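Below, chain A partners chain B and then partners chain C, in two separate complexes.
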Partner chain A sequence: MLPSFRMKREFNALLFAVLLFVGIGSVNPVFLTVRNIALTLQGSVMYIFLAAGMTFVILTGDIDVSVGAVLGMSAAVAATLVRDGYPLWAVVGGALLVGGGTGLLNGVGVTFLRIPAIVMTLGTMGILRGAMFIYTDGKWVENLPDFFKQACQICVYGINLFVLAAVVVVFLMQLYLTTARRGKYFAAVGDNLDGAVLVGVPVVRIRIAAFVVSGLCSALAGLVYTSQIGFVGNVAGNGTEMTAIAACVIGGVSLAGGTGSVAGALFGAVIMNTINSALVFLKVPAYWNNTISGLLLLTMVLADSLLHRYLEEKARRKRLNARFARAAERRACDDARA
Partner chain B sequence: MVEQNGPAPLVEVEGMVKSFGENAVLRDVSLALRRSDVMAVVGGNGAGKSTLMKILSGIYTPDKGSIRIEGREVSLHTPSAAHAMGVYLVPQEPLLFPNMTVEENLSLGLDESRADVRRRAVALIKRLDWPLSMSRQANSLSIAEQQLVEILRGLLRSAKVLILDEPTSSLTFAEIQSLFKLIKELRAEGVGIFYITHRLDEVFEIATHVAILRDGRVTLEGPVGDFTRELLLQGLLPSESRKGSAAARTKTLHRNAPDAKPALVLDRVSGYGFRDISLSVYPGEVLGIAGVVGAGRTELAEAVFGIGKLVGGRVLLEGADITGCGVRGSIRKGLNYIPEDRRRNGLFGAASVRANMTSAVLDTLGRVFLPVFRERKLTSKYIEEFSINTTGQEQSLGALSGGNQQKVIISRILATNPKVLILDEPTRGIDAGARGDVYRIIDALKAEGLAVLLVSSDMEEILALSDRVVTMYNGTINREFGPGEIALDGLMAASFGVC
Partner chain C sequence: MHVLKRYLLRWESVLVLLLIAEIAIFGRINPRFLNTRVLLYSVNDFVCVSIISLFMAFVVITGGIDISGGSIIGLTSVVVGVLWKQAGLDIVSASFAGLATGALCGAFNGFLVAFAGVQAMVVTLGGMMFFSGLALVLVGVSGVSAFEGISGFPDGFMEIAGGDLWGVPNPVLIFAALFAVACVLLHCTNYGRRVFLVGINPNAARYSGLGVRSVVMSTYVLSGLAASIAGIVLTSYLGGARSDLGAELTLPIVTAVVLGGVSITGGRGTVVGVAIAGVVVGLLRFGLQMAGVSSQYITVGTGMLLVVSAAVRGLAFRVSLLPRRSGGGDNIKGGGARRG
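Then we have the complex of A and B:
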């Protein structure tokens, strides 16, 4: 059962996503129209980027709760730049700088300064939330040029540009993590840190890189957010870290580190966004969103950790029992000889 | 360097010194390993075997000393540097990536394409004739298979020197046989092997050379043909001077009449890591449980106390069955346990000496509020009685030395008025002065009629404190020593499985 287990996790997530669509569609058929499915996917793009970046961090066994704040700050920076007429490369560059810089800071804090990841990223989250408020003077960033707001409507061969971009980015990441020589390093660090050191994996660099990737992805999510919403309020990205983490876990990325894939995280992100938008169709008030995300997250984490504990305990008992097996076999062997 | 007669040894270690804090683990170790040698490195716990091997594999940096590989002086400051020089350590507990396949485990960290690694690995597996599928997930492998993966990792890195750290400690008999076959094949190819072990049988079965380590020094070294079992045991025993000091302690048996009832009886208890253990301890008696690490002693102690699980047998405390009544139940009924690892299991480092001492009796001291006066009285009583070196009751426990921490923990347990006390390695990492204090405390407890189960790997400690001794080997009791029979050589032999 175990060898196939890893692939099954992504498959389960995909199956869950399909069942979710069919289930909600059977209650309200409007949900299954092409237009609505397209809208749901477009709404997922932001979460796909967040969850894909988060996957790198969780694979190494850490966690990044600053992604929502990074999304907000990079959205604010991008929005002011584009509003003030800066060229597109500067807008994108500004956002990525915020994301990459925060990621680097997180990574250095966690590795060199040995601050637990949850505390370090909670700290940068607070700093960024405050910095964003100061930067925007607490006002919304509005009056963005039309070309920027309409970017989210562009279609390539009938597929939304952002959806396409998200899928391509995730595909490339998946390819890197599974086939590149160093792609496996991320999972290795989270799977067995001592073992990774022993086979010569540059553990510190990999952990920092994971945080940088997460920061950059959050910045991309910030750009998507700005274009789709058309303005940046000062609570932009609030609470999205929970959705991102839940998306990863539902997609089969184990919080214990070492297992999971960005493809799974993509499915997880679609599921999370589908649940949120489905509540509208099921006429459930929107303020249930967070409650349901939280419940789902805890359920998945619990199931995951129970499974882990069970496997670990089983392995330990087997190891301890090997002692007598050896003694008994030796005795049997001696008897046979005699 | 100048070429001597014949080729230079594969590895030469010279004047290796390493200490951790004030604890000197290696004091001047020199060893040489040639191609096709299998050098068994034997020694008691804390002799420095693992430290030496960790230095060789780049995990620790030595304080002093040099390493030469094939005549060239090298500095191995990271595992990758050691790999580059052809030294690979197969740790006692294999450090695989459980969620990855065998192939991924092998190729990770290597700078060549996966296809190449796969090709070479498959060729190696075929040549060694060991059935192992490349696509299996590591967490489905047996320990032996995991070890094979570790060895393959070393071979794929073209290791010339393999270090096997107690490779057979969790293998079955058949698995051991196939490991030995592999070692012989590796020898034939010129690979040099350091083989760390606790099992003397294996030394004679597989090694070409033997090095005995004791207290951070090599006490005996040479081809295995020069050794006999007796000589090996002799080399493991402490030097005469220390032997004398241990024997000089006088022991008084406080066990009263022959019709006295045992305080604790274990009736054929079994659990994970130990099986079929029967023993009894009487009031006013110290029963030593000797053995080497991995014999199942700590697992036994924890299961009896209620931390681990018992799968069979009964635990009787003063005749009453307390099997499976859990930690709280054991403490309430008068059985208590002081674990081996103080830092992890025993102490509240940031809390005060007083808070630590009374933490086990909070229920009984007062109903709702803590009577500060009684807490103070209790604490000062033990500080005085055990001459605990502290600036005051308010000092945080973390600031005390290891020996004084241990005394605080013992007093805390005594405050619960136990009838039976299990001590697991009570003086590990404690300086000589405090060790004497702890011994005196144990003697005093005995005089007060407490029954003590003493788990220790330090044979002198067992010898100095115990009235009777049982030795454990591979999870079962293999020998018992009555009051007149306790002697170092016998204890050592039984601990290493020689009866």
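Then we have the complex of A and C:
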């Protein structure tokens, strides 16, 4: 029952995404043109990376609200480096260093210092936001070289490079999490921490690894952001952590840990991004954005929670019945013997 | 001697020392800081954070969290402004409507957390987006410019934050009154005891018939109400209603609660600690501003303060420097998203 349900959650997310596209397309057919769908997918790449990284952390039972700040900081670092003429490997390396370093810091704080994940990542978020301002001196990072800004236009066999990269990365992650032994440790840690410890899973390393992956993915998202937008403003990445968490939840990743997949997170990211652009096509005034996003998140989470409780109750009733059935059987045997 | 030790060797004493050290350091950098009037009037700047953190402590003690406080400030502000200006209500009714808004937002959050069993972090996250969105919608639909907001409130309303009683500014009095209410509610009533018990062991509380769900929901209502009070004070202080008021207050509020000795996993904390921590965090921001430090560094400072205080607290309790009080062992998992 459980494996098929795991598939079902991602399927739900995919179905919702498709319905969303069709629904909006029926109101405004311009939405369904190939060009527009391609544009929407391109815009979702950043959120896909954020949500994929966030999935690792949520799977292990923690949470990471610093992804937006990491995105902003790594974008600022990458933009500054590329503007000042450093080679591409240095630019990418710099961004990844920011992301990985923050992830390491978060992981160490959560595991060794026993600081709750919300608190730790909230603090890291504040520190990085301020650090980003200080690093850029409060100024926008502009005048990026053309090759970098045009990187987001490169097409491979007609598919945008970044979209392809995102899909490949998510595919590899999904493969790792579901088939590799170490990959399955992530969900194990989130599902039952004490059980994982007893079974011999290297819990501390897995939790730190989850945060590092999240940081690295946020850095990748920062690189994508810089290339697509073309400059890095002061509030780059502000609020994206909320969208990332929402994307994960919509994609079927349970915040209690242990359940979910990066594929679902990918669909969730596409959905979240589509809603933003959809509102434009539906001619809904922009100030409805936050309300609709918040309402959608709450509805999905509510549905997920209610479903979870229903399943739990059903499983518990089954166990109870099984126990009583066994007891009744035993009693019947004794009576028959007597 | 033992009794004295019990009263001195507490987290709150550490906080008081921190406060004194803060005032001393800032006083040396800028002697104006030591002026009593300046100190008292500085409270205006951070009273919102302190008010909300007083009652957010209730939520955190039950094991949840509420990050929608900042958005509720904005929503309350806009509700009061729109009702007064566009709908023509008198300012008193508009203010009460604002308070009701806060309570309703809190009830919304609380219902989802307590009765639908959704995790607190996600509910308040969605709530934060939803409430700030509602504020924007109200502003947009009523045709008010989002940038200018609504201003020109009557003098009586401006007195809420502007006036003073015997030299003590009103916001300080409001904070003191709310502090007294929170203190009594949490430490001297049956209700407060139930709040603690729900945080220490929700299952045991449920089996003991403590009405866990209504207790949890009520803490969110209190938190929402506190946010709306803060919203009204802030609107009065700034003289204008805007939808983005309080947007960046989430970090300082959580910092004040964690620094104040409330355990994020629930079951432990005092209102006194949170109140002192609120003042510490607020004075830190104010003092840094007076010392000429730009606001980016202040954000970094607040973030570092949050991390350091959480780490020190955890370490101090593990090394048993401070006596452990009732129940709620050290959080082994430390998983923030799991609780609630």
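One rule holds in what follows: the second predicted complex is superposed on the first by the 313 of 338 C-alpha atoms of A that agree within 3 Å, B and C clash if a C-alpha of one lies under 4 Å from a C-alpha of the other, contacts with A are read in each partner's own complex, and residues count from 1 in each chain.
What we mean here is this: a residue touches a chain if its C-beta (ideal position, glycine included) is under 8 Å from a C-beta of that chain, and two chains touch if they have at least 3 such contacts.
Not measured: the values here are computed from a predicted model.
By the touch criterion defined above, A:V91 lies against neither chain B nor chain C after alignment on the C-alpha atoms of chain A.
Here chain B and chain C are compared by how many residues of chain A each touches, and C touches more. In the overlay built on the shared chain, the residue A:V170 is in contact with neither chain B nor chain C. By the document's definition of touching, neither partner reaches A:L216: not chain B, not chain C.
By the document's definition of touching, neither partner reaches A:M272: not chain B, not chain C. Of the two partner chains, chain C is the only one that A:P285 touches; chain B does not reach it. By the touch criterion defined above, A:V77 reaches neither chain B nor chain C. With both structures placed on the common chain, the touch criterion links A:A52 to neither chain B nor chain C.
When the two complexes are superposed on chain A, none of the residues of chain A touches both chain B and chain C. Residue ranges of chain C in contact with chain A, taken from their complex: 65, 112, 116-119, 121-123, 125-134, 136-137, 139-140, 146, 250-251, 254-255, 258, 264-265, 294, 296-307, 310-311, 314-315, 318, 330-339. Residues 59, 78-80, 83, 89, 91, 95-101, 104, 107-109, 111, 113-114, 135-137, 139-140, 143, 153, 170-174, 176, 272-273, 275, 296, 299, 474-476 of chain B are the ones touching chain A in the complex.
For chain A in complex with chain B, the residues that touch the partner chain are 2-3, 5-6, 179, 181, 184-185, 187-188, 191-192, 194-201, 254, 258-259, 311, 315-317, 319-327, 329-330, 333. Partner chain C is touched in their complex by these residues of chain A: 58, 61-63, 109-111, 113-131, 133-134, 138, 193, 242, 245-246, 249, 255-257, 285, 287-295, 297-298, 301-302, 305-306, 309.
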